[in-house]
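When the chains are written out, they are named A, B, C, D, E and F in that same order, and each has its own residue count from 1.
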Amino acid sequence: MLDLAWIFEGLLMTWVIVPLLAIAIILAFVRLIIADNLPDRVVALDVLSGIAVAMMAAYSVASNETVFLDIALVVAMITFLGTIGFAYYIDRRS
Amino acid sequence: AGHGESKGNFYWLIAVLPAACVVWLFTQLPNVANQQFPQLNIAWVPELGTSLSFRLDGLSMLMSLLVLGVGTLILIYASGYMDGDPKIGRFFAILLLFMVAMLGVVTADNIMLLFVFWELTSISSYLLIGFKHEYKESQVSAQQALFVTGAGGLCLLAGLILLGNAAGSWELSEILKSKDEILASNLFPAATVLVILGAFTKSAQFPFHFWLPNAMAAPTPVSAYLHSATMVKAGVYILARMNPVMKSAPGWTWTLIIVGCITAILGGWMAWQRPDMKKIMAYTTISALGILVFLIGIGDKVAIKAMVLFLLVHSLYKGALFMIAGAVDHETGTRDVNKLGALGRLMPITFTAALLATMSMAGIPPLLGFTGKELIYEATAFTELGATGLTVAAFVMNFFNVAAAGIIIYRVFMEEKDPNFDTSHVHEAPWKLWLGPIVLGILAMLSWLTIEGDFFSVQFFSPAMSAVLGKWEVVHLHALPPYFNIVPVLSLITIVAGFGFAYFHKSILAFSQRLTEGTGAYGPETGYFNFLDGMLDLAGRTAVMLQNGYLRRYLEFVFVTLVVLVTLPLWFSGALGSVQVTISETPRLNELIISAIIIIAAFYVVRFSGRLAAIAALGVVGYGIALLFLYFNAPDLAMTQFSIETLTVIIFVLVIYRLPKYQSLTSALGRYRDALLSGLIGLIMFGLVLFVTSIPYSRHISNFYAAGSYLEAKGRNIVNVILVDFRGLDTMVEISVLAVAGIGVMALLATGTFRGREVFPVIRSLIFQTASRYLVPLILLFSVFVLFRGHNEPGGGFIGGLVASSAFVIYVFAFDVQQARELLRVEPIRLIGVGLAVAVASAMISPVFLQETFMYGVWGTTELPAIGKLGTPLMFDIGVMLTVVGTVLSIVFSLAEQDENLQHENPHTEGGNV
Amino acid sequence: MNLMLATVVGVLYATGVYLVLRRSIVKLILGIGLLGNATNLLIFTIGDVSRAAPPIISDGDKTIAGEFANPIPQALILTAIVIGMAMLAYAVVLIKQAYQITHSDDIDVMKTTDVEA
Amino acid sequence: MIVISPILIPFVTAIVCIIFWGLPKVQRWISLLGSATALVFTLALFNQVNAVGIQTLAVGGWTAPFGIVLVADLLGSIMTIVTAFMGLMVAIYSLDDISDVLEENGYHSLFQFMLAGVSGSFLTGDLFNLFVWFEIMLISSFVMLSMTGGRAPIEGGVKYVIMNLISSSVFLAATGLVFGISGTVNMADLGNRLPEIAAENPVVVTSIAMLYVVSFGMKAALFPMFGWLPASYHTPPTAITTIFGALLTKVGVYALIRVFSLIFSAPEIISLAQIVLLVLAALTMVTGVFGAVAQYDFRRLLSFHIISQIGYLILGLGIFTVDSIAGTIYFMVHVILAKSALFLVSGIVEKMTGTYDLKKLGGFYNNNMALSMLFFIPAMALAGIPPLSGFWAKFAIVKAGLEAQQYAYVAVGLFVSVWTLYSMTKIWTYVFMRKRPEALQGNVTELESASFWIRWAPTIAIGVLTVVMGIWAGPLYDVATAAADQIMDPSIYITAVLGGS
Amino acid sequence: MIGLLSVIFIFLGVLFILVGAFGIVRMPDIFLRMSASTKTTIIGSGFMLIGVSIFFGDLGVTGRAVAIFAFLLATAPVSAHMIGRAAYSDGVPLCDQTVVNDLEGMYDDVRETLSSGHFGESDTWQANFIDDHGV
Amino acid sequence: MFLLIVMVLIWVFLTGELTLGNVGFGSILAFLLLFVGGPRMDINYFSRKPNFRIFTYMWKLLQFMGFFFKELVTAGLSVFTFILNPDRLKPGVVAVPLSVKSDAEITLLANLITLTPGTLTLDVSTDQKVIYVHSVYVEDADEFRKEIKEGFETRVKEIMNP
């Protein structure tokens, strides 16, 4: 029973949830590519990193490994810094 | 020449040394004659077959006597000639160096030892030719002589090595016994050619002869000693030495005969046209050297006999003549035969000496030169190699020698001087200058007189001749021809014709000089300079082509090399057929999507026209790779990749807006070419990855880590245990790399200039500032958490350090560097120092306190909350963390600080694009 | 899987090399960044990539049970990433200093040390 | 522990220097003390290796192939002696040559880190660890090269940095690939495993070996990948040029020797590698010396000579016999000494005249006999004139080459030797023999006493060694041969590291 | 059952994130995109983290999930604000549909200030407002 | 003090280890870190009023959080609608006068605004009198201002001034 549940979840996670997130990444990436100004790209990058955090949460369930949550925490924190850095740059050049 | 005040000097006393050696050599003559050759053998560089082994056989004895005997006289002479020259000490030093070297050449039994001395003679010759170093002529001539003899020396080196290898021995005495082995070697011809090249350059044989007349730029004692009596004979010596073996080489005989002949005749032809006494002597020296080679070429017993005797004869008279030229120059201030004349009365002793020398040169009894010339004719007149031709050649050689002798004695000492030339102050040279020539003249006479005695013929001459001949022969020389044949007739004709020519030569002088100059344009010296210029030109072009200043070109060279070399094995093995490719399991959708995004983003890094857009795309590549790491179970890696990528972006951001906008600079063709090249590299790496992943992977070490990580190294996160324990040394160096990067950035910014594009001040955000105040302690707390759990879960000192530094970097962005510094309280460099010290200290605990090895992990026993056991790896990780914080902050602080200074000091400086 | 990763590696190398060969100094440095990523991914790919568990020993276990991802390439790449970042950081600042001297994005301007003026 | 001392001492010295940040005068003495201590320990290490055999140290107590192992064989310990010696000499020379600003910005710790990197490269028995040592050596050199600031050091630095980063990338990729086929980066373990793998996959393994040729070749400044060297080496202060010229390229050569003798020695690989190395060596020698003769800058000329001499070293490696490797080892030590002495002389000349431009110099033969000899002897050593060090070096390689029947390459070597001699006489003529140009007359400053001895003492010491290496070549060359014996029989190394198996 | 519950939460989270991602592609200007993305990212992650916590049912995991969420909550609006003001001062245009822009002309780059305009200066406005709305 | 407690709590959350030892360790750690970050931080903010009533405050806090999460989910759902109907947007930037004064209050308000439906804080005026808010749907600017002030600003005041 538990095994079946795990298979169900595993399949769902691996073949539905995670790919859906990957599609979200594609969308954000498309924004990054088609953007015609830098702030737009930064937004896209910020969203990308947010999705990455979500991806890690999902992946921790998919692989039954809590360690991926740790990465999510670090990534959430560090990508904040990245966004701030870009914003600083945009401020400085304008 | 020196007209300085003669203060007198005692350098001549040094001559006692060679004189004493001469005496000792004389005591050894009987031993040599009994084939009891004195030997000395001391190991030197056994692995390279070189030993300090000397052997004094007949030929060595003859040469040594010349080197030391003439050397003795030269030292005395030089003491007079160089009197008053401030550099006389230097001169004697080099001269003595040469003497030792030359003595070494002729007495060495080990061929490499011989070569060592050989090269030393070249170098001392270089220094002596360039002795008057401020003159362009000296500089060029010295370099030329060294270049030619140096090149020849290298040929000789190769030849000697081949010879030694063929013979299986490096000792001359052994090599000469191993004739059969040497002849059997297929490298023997090559060895012979190389040895001949070495000898020809040294002994100024055509077409390498041109350096010798130019070498007359040296002070006259040098010309007398090196460039006539001794050093130039080294080439002849080596040919004579090798004669027993090499005469069997194909082409040896005729190469030597023809080259010797050309050299001898050419030298003679050039000699009589020169107005400079020293140049006349130089060319006749070339001529004489040609004769010696020519005789070795003929190679039969008579020829060798003639060769050995002529060698002695020439050294005696030519050494004397050079000294005389120097004496004349010393007293009159010129060596020009057109100006000089009638010196016989003013310098009677010198004249006497000159008379003796020129008579010997012309082959007139009672001087040794007479027998010398007799033997030459005897060698050619009865040879089986074409007596007529060779005899005619010998006649021409001898004719020019006689003519030159006549010109010197007649034009310098006997004919009227140039009326415009003032000789009122001219008087006899000091004794130091005439002693040498006189002694040599007397010796030439004495030896002729005693030539039939046992001492000369048996003890002195025969052993020398036997050495060249390769078998022991005792000969008895005759002062006068024992029986009548064509030889004395030839001798007589030569003398008459030669002197006659000397007397009348001025009438055709102008014409011949024009002829010589005309042909000289096609001569080997022109060739030499053309070669030199050509090579220098080629060198310059090569340098400019390769070192063109364009970094892109350098990189293209590298990448092309990479493509060629890495694909080389394919071409050699024939095909890809030998390579197996296995495709492992199918990728999942999300993996494919991320991979596709990485690829597209990578292309956009190339395509984007904005710099920041490109950096953003690069960030996507990095994040994408981090996700791949995540997918394939590398949590630490994913975490680090995310952090590093972000940090890189920050650094780019702090730097890049000062950089100019992109320009499209490369031509379309260039872009296609680069695209092709980079595509090839990509393909190669793709292929290598595919091939390598198709080879089964060995997990022997991975399994060891998995088994030992917790039980032996007390950590559950195997990656972290590898980093701080199994491969802790890597990490220790890695953090030093970080530290140095930090120091480097600080140093660059400290010494660099502060100019850049115009920037605008930042309006600080209240919201951000307030938020950071609360975030910073939380982030710091989190960083400590990451540090402590690293050993068992993803994290560790490195990530912890990055997290901690991010807190301070946030402060830089929210407030300014000053406030961030106040928050940190210490200089980042101190953190680096302490961090590294802690890391090293953790590694040193075991060796210092426990007699264990470096970095051996030691663990405490008490379990602490959230941390677990304390141990040196944890301490190491703390060191890592401190170093990382120090480095990141030293980089970010100094960059941001420069940024702020720029803003405050000169907000509107024009920098901008060019 | 190896085919996919090898493709990514190949593309990263190709784009990296292409950028490194540009005349623009900024592109040059971006190229270096890409090459660094390419190399890290290469090591990762050839080190027996696996979808099994992360190389972490679970609480309570003494050794790792079952399949696990190969920890060695991970550790090697971690070291390489850090070193790469240090190098890149230094290079970026150096490039900046160079620009402040030459006032040009064109690397071809920088040849005074090779070609005598 | 003595095995790690040549690395640890400079490493710790560097760290102590950082701790004394802000006190450059204190750092000076620390640096000197550290350098001197390192020299003592390297000698002791050599002594032990020579007496007992290869010494190993399993760092952290993790035995090979699981942990990182440091291995001191004869070659490694010889190279660490040279490193420590040159370190000490240049540390002394730096006291006068390095400006206060550089000292304040961490010169001493950078210098020591670089030495640690070099020694680490010579002693590590682990391929990836070698990469790491390379990197610390490189980044320290990056900073030292450009920290003076100004156009030339920065421009030179850009080329140096970018090309070395590419080289490191290739090294890392190659090491990754080697790791991928074998599962190990321990050199001895690789030496054990790779021959078998190479027999099954000759093409792949040989291609990977070629990546090492590219990477180490770049570091060693092989044709046509040497562009970074002449672009940069003449730009920093002389002390820095000297230590770079002495050690950095040699680490590349050392690495080539190590990987091809120990790891890629399988016949499938080495047969092709030999051809590649020989061709590259020949081209390197020729282009290097051509570059040299075309120069009119003292240090640029010498820089091109570094390249040319690297060609000789690789020639020895390419011939790949015990004799040729012994020659390469001897040559390496010789060329480090001779070239360094010349660089140091160039620094003395520059200090006195303010220029490195041959066209502006002159007159030293007349006015400064001691300096002339200080130049002439190492110059002749470099040109291979007996009985100085360079002669034996050249002779050994030529002899080995002829014995191995590589006639064409030997011919190239000899040809280049002539041009080496030529270019040395070029400097001799311009700087020493000829009359001082008028612009320079009266503008030559004699060094004050302290400055004089700081510069002269190390220069003399190195110059004397070129003579000692010539005169005392017998026993020294025996050591080189013993080292080469170890190199050419990888089983000695493997057994020492992995134990008898 | 717990598994199903967690999957539902996670799925909800993914849905939000997907919508947010659509948002940044579809919205006409950067401010609207941020409006869309900031919230969806936080909510999406929040739901997912709830799902994760349920799935593992472990205090440590829940703690970390809460920490992540809290951190996102604290940083995401700050990021949005920083990008937003940067974009505005960088001159990124507001879309054509924009009806009002009170920020126009308020930034003073030379004095490095942002003016509050008549909204801040006018006490009367304040007073009127208070009168009208009785705050 | 407040921050110290928060930090200890977070430490316990992170480590997932609710033992006396760990709490003690976390406290020491938090104290040390606050010592590092201390002077720059407004740590005395919450101890300004000595007559602070903890249970009342906790209740207010819970209320506040409930309101906030409700708004947050509403915000998320509203995104659904406006993404699907981009044509019906009426975006604009509105200046909202502030009655809250302290940095912390303004920041909290600004962040809350960003997290609520369709709004995004762009900046705060230098004199801290006005907050500029971007909204996806501005029918009436004054109405919008009112919503902000009545909704979040009031609650922020309450929660920050117990």
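The working rule: contacts are C-beta pairs under 8 Å (C-beta built on N, C-alpha and C of every residue); 3 or more make two chains touch, one makes a residue touch a chain.
Small disclaimer: the values here were computed from a predicted structure and weren't measured.
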Please state, in steps, how far chain D lies from chain A along the shortest route of touching chains.
2
Going by the contact rule set out at the top, which chains touch both chain D and chain E?
B
Measuring centre to centre, with centres taken as mean CA positions, what chain is farthest from chain E?
B
Comparing B-D with B-E, the one with more C-beta contacts is B-D
How many angstrom lie between the CA centroids of chain C and chain D, rounded to a whole number?
27
Could you grab the centroid distance between chain A and chain E? Build each centroid from C-alpha atoms only and quote it in angstrom.
17
Between chain A and chain C, what is the gap in Å from one C-alpha centre to the other?
22
Counting only Cα atoms for the centres, state how far chain C is from chain E in Å.
34
Which positions in chain F touch two or more other chains at once?
10, 14-15, 17, 110-111, 121, 123-124, 126
Chain B: positions in contact with at least two other chains:
544, 547, 549, 551, 555, 631, 633, 635, 647, 656, 685, 689, 692-693, 697, 699, 701-702, 705, 726-727, 730, 734, 737, 740-741, 744, 748, 752-753, 760, 762-763, 765, 767-768, 771, 774, 778, 782, 789, 793-794
Check each residue of chain A and list the ones that touch at least two other chains.
21, 23, 25, 38, 42, 44, 63, 65, 67, 70, 73, 77, 80, 84, 86, 88, 91, 93-94
Touching chain combinations (by label order)
A-B, A-C, A-E, B-C, B-D, B-E, B-F, C-D, E-F
Write out the stretch or stretches of chain C touching chain A in their complex.
53-54, 56
In the complex of these two chains, what residues of chain F are touching chain B?
3, 6-7, 10-11, 14-15, 17, 19, 21-22, 24-26, 29-30, 33-34, 36-37, 39-42, 103-104, 106-107, 110-111, 121, 123-124, 126, 128
As the complex stands, chain E meets chain A at residues 3-4, 6-7, 10-11, 13-14, 17-18, 20-22, 24-25, 30, 33-34, 37, 41, 44-45, 48-49, 51-52, 55-56, 58, 60-61, 64-65, 67-68, 71-72, 75-76, 78-79, 82-83, 85-87, 89-92
In their complex, what parts of chain B are in touch with chain A?
588-590, 593-594, 597, 600-601, 604, 610, 612-613, 616-617, 619-620, 623, 626-627, 630-631, 633, 635, 638-639, 642-643, 645-647, 649-650, 653-654, 656-657, 759-760, 762-763, 768, 779, 782, 786, 789, 793-795, 799, 802-803, 806, 809-810, 813, 899
Chain C partner contacts - residues on chain D that touch it in the complex
128, 131-132, 135, 138-139, 142-143, 146, 149-152, 154-159, 161-162, 165-166, 168-169, 172-173, 175-177, 179-181, 183, 185, 230-232, 234-235, 296
